[in-house]
């Protein structure tokens, strides 16, 4: 691993809360590592668990699934299904051998630009410590 | 007669590996014996047949045909590096014979399959002959034998504390030369004879004589409905079969680059013959099951003069609903007489 | 392969200061499918938009990717620009290289690499895009208002006054709802029926309001702009068209039964109206108590009716109506205090609930407005009011505040003092919540002028002693046990949803909270809307409210209906779910995850498959994940598109990262 | 079991004679005596060839999908078959009135390979008792522990008796909760070792799809795993993880623990360890019964407002 290696994080962000929160981090000019790239989805409930695996397959070192706080879903209940699905999926991926730090599920509201930046900083630190992900990943 | 002590086996394989070849050997993984690239791990000795056959080595499950990169108008295409030489230790006589059947298809027709040919030519098959038959074995019913050298470069006949090597090909002889200092000279009766006395109850129950011709006349026989009814349309029988060789070609695209690959396909999958317009010439289980068995028992013999089965017994052991070649031959025998 | 154009915005220094725009443009030009790539100082400016329009025309583009600020800023702008050039507006994608790149990263090289990846992802998405057409739904400019109380009437009047037809459905035979039972209103103490009666008359004679009393909604199908509603009218056993409202039948009917309207403290006849000012002034036969229905003889009403309007053979009739919007104003109920055994309600006649106290105060009530206690008709000298009976009591399942009780209890104490000048009112309370214009002053007057004694604390027990009730509680301010001997005890019982609120909510596909109050779409920003487009809330169906709030909310709901009706047709986002029927197994795992009940069953060939009502679907995509076979796709966010984006974002090319 | 077999034949014959069912699915003699195979009795006489013994291994529920197309189907069902049928009913793939279910209680099915190895010779018959299995060979009759004789899928069986039988032959055995302790052993491995464990299992996968084809929960008309955007045909480790993750996730909360996937797998991949992991977490996090009995809304099709966030306690697979 070269010393300037930076992890790659794929984030799935609900457009109403987390994506807007990331925008707020931008308008507030909060600096965070250029490791994350967001996929904009209507709701965290749109995130198929297999999307996460696909990201790891194709070379993501970490994946973030983020949406509105429970109770604040634009569609009332989408994130409550997310909570069930990803409670299982995160444990299952760890059961398959993935390090817990590589998948994070977070509730980040449109007002939490600060928190979005913080989560990315934390994840980047964790992943730098772990190094590149090789698990479940296809040969480049 | 030459004798290779069992204790010398790892040293010999290590030398073959040292020559730059990939050495395959049966290893016990969580109770399942599998042919794996060997890197010094314990070699399994108690097995009838590994999960995967020689097919896995010569016609891999997935194989890259070419790689490409760029835009459609400006595409750089690259062929993969030619295969390295390989040595397969521990294959059984049935599996070795199966490769000769595949030779008929891939090498001896008007079209020569380059991938198969290159692997075949660089692979040395070190067969370990059988001293007992497994409960599902029936090689004798399809012209094989527990000690037959067909398809092997070297046959190692197991005896107490070691093997008696027999080298039908020069490739086998060459492989054995790497063990010349390990080989001893012993007195022993012809080990090939032992094959005749191996008990193989299943083989006794299979009557294949004249079956090919009778099947030809009974393509539309209603028995196919009954036989195929319990099939779940998985590809297990075809994938474990050392003689089934069907493959599909597919492209994997990765934004700006990709590769064209081929990998096993199964005539039992319902989309096997599915065409772009939605037409499927073999839409039902009956069509597909009949295809599999007619191919093995009728079309292949008509084209190449022998059944497309070596009696390894993997389908017998594997099929979750007992729809395997001996059972089908038995059921056909009952209705066709 | 679609022809894609990429336009990269400098946003002056905002993007170009951190991201090497030229390099991004060059990288974009080399991406598969891209036939045009250009950068521009301000793409959102008129010349910038013109650049997009010209590129679409000149390069025959099938899709455009704009690398610029967040889609929440200018997605609409660029879509309009594309549409003006003849491109399907849903074939424009935005790569967010400002808020999520140039503004948050400092290293120019890293930011540039990331910007390229973001563009790559949007190009990959755009390649897999279908042109989408906005859904256009016709609007039936006619509203249904469910509930003929003050909320429903207000909403109906506002809508009708604006020129639209209204269908007003009320389950009781007459308008007025809960408010018709009230005596006076706080904080002004004007009489409820003085406000209500003119309003009911106004509603009844409004040329654009069709009144359907004694009717209930049975079925609701369709969606915003085009609801199909089945409404059942219960049999009154009186032909209201013939009836002239003389009420001879009521007068002569020999059968007298306790009146629920009077909280069983007064009587009604088996035929008649609930109260004299009822609108419409038409009688119904109470089938359960009518002697004819019980025994097959009597028919006094038939004999006295001058117009032969009594019809024992009348049946329920059901009609189907088309409406474009629905206002739900079904109000509330009060908790049956039977579950509070410690207060003795039901056991002792002189323990009553507040609604009964309203009736005792009402000049049209069972006592003619003189406060007399039920047991012996004596005017009570000491009255104890107990607040928060069932409210703010999480142990018994209701943690919420019923909101109206503090004020009406103060009103009761005040009215009592007015009517019984030497009487003493005691109020057991937890907190006095008097937020509202003139409310706190009113409570102060109750204490200072009406002399009501407020005691902070819960009442532990009420039990009889002699002909009085002993009320024992703890004054939590002094810590003393308090015991009051009262002639009458009045319980301020919790406001609760109607018994069948959940059933109606299911018909309407509207969510309810844990108690059964209807959920608004957003507590702050969309308080009168529901999650089902075209269905609005007014009044206490949503949460306990007083009259002025109810009326304000009803007008708010009406204004939402009017906004809907002012449109020629409804335009809906086409980003909705759609079913591939050849793949759908009909397992319906998608159905329970849909918050809008937009998924229903359709027979396709010989089997049942799921189908999505695009008018109801809001495009959340939960169903697409619940579907294992991939038969359910969310347009604009298909599996193929998201997977392609992921793939592009994972690609590691060139320098850092 | 011969008494029950006789009654089964009688019922099947009656159903076929009276035209209540078009076909009756059970077991018939296989090529080998101790391996009966699924058998489809289409006429009353064929009913006499139905057999039911301790070697009837295959699950039958899945056949119903195809067979009901032509008309009503009768079948014999053990507890696992019954749950499989319930799965198909809950997924609206078949209608209850299309089925006539002859229920039997099952104490476990003998694995002929395992039994022959234990007995040291051909086992032709067996009796499955509570804790032991009596194996009958031409020369002897000896008892062995269940684990030495029965199919793996039967060792953790929690539903010996079907819940939806139209008629039950023999006595009902009360259901239990599934023992999921075997999941713990994998959870306890360090993360990297766990990854190596699964990589080794998945590397053996031939992608023959037997696990999917025999599964009563994998009853889709069209499987997303046949679509290249979800799963390429390649058998690289990345694709193998994708396949096994997705298969297991698609049956999470829906798996009825019939064990057919694991029995069918030629590569010996412990698929039950995957299914049971979801089952265990569903139980531990959301109080879902193991397995969730079909009929109610699926555990992943609903939520509770106060569901826990399982990822917080999820560290290291526990």
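When the chains are written out, they are named A, B, C and D in that same order, and each has its own residue count from 1.
Just so we're on the same page, contacts are C-beta pairs under 8 Å (C-beta built on N, C-alpha and C of every residue); 3 or more make two chains touch, one makes a residue touch a chain.
Treat the numbers as computed from the prediction; the structure is a model and nothing was measured.
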More contacting C-beta pairs: B-D or C-D? The answer is B-D
Max Cα-centre separation from chain A goes to chain B
Averaged-CA centre spacing for the pair chain D and chain B, given as whole angstrom: 30
From the C-alpha centre of chain C to that of chain D, how far is it in Å? 47
Taking each chain's mean CA coordinate, chain A and chain C are separated, in whole Å, by 35
Please output the residue numbers of chain C that touch at least 2 other chains, ranges allowed. 593, 626, 639, 643, 647, 651
Among chain B residues, those touching two or more other chains are 254
Can you list the residues of chain D that touch 2 or more other chains? 230, 236, 300, 305
Could you run through all the chain pairs that touch each other? A-C, A-D, B-C, B-D, C-D
Per the touch rule above, chain D residues touching chain A in the complex are 186-187, 191-199, 230, 236-239, 241-242, 245-246, 248-249, 252, 277-278, 281-282, 285-286, 299-300, 303, 305, 307-311, 314-317
Which residues of chain C touch chain D once you look at their complex with the stated criterion? 514, 582-589, 591-593, 608, 626, 628-631, 639-640, 643
Contacting residues of chain A [partner chain C, same complex]: 4, 6, 8, 10, 20, 22-23, 25-27, 29-35, 37-43, 45-49, 51, 54-55, 58-60, 74-78, 81, 85, 117, 140
In the complex with chain B, residue positions of chain C that touch it: 1, 30-32, 120, 124, 647-648, 651, 653
Inside the complex, what are the residues of chain D that reach chain B? 30-32, 35-40, 57-58, 62-63, 66, 113, 116, 200-201, 204, 206-210, 212-214, 226, 228, 232-236, 260, 263-264, 266-268, 270
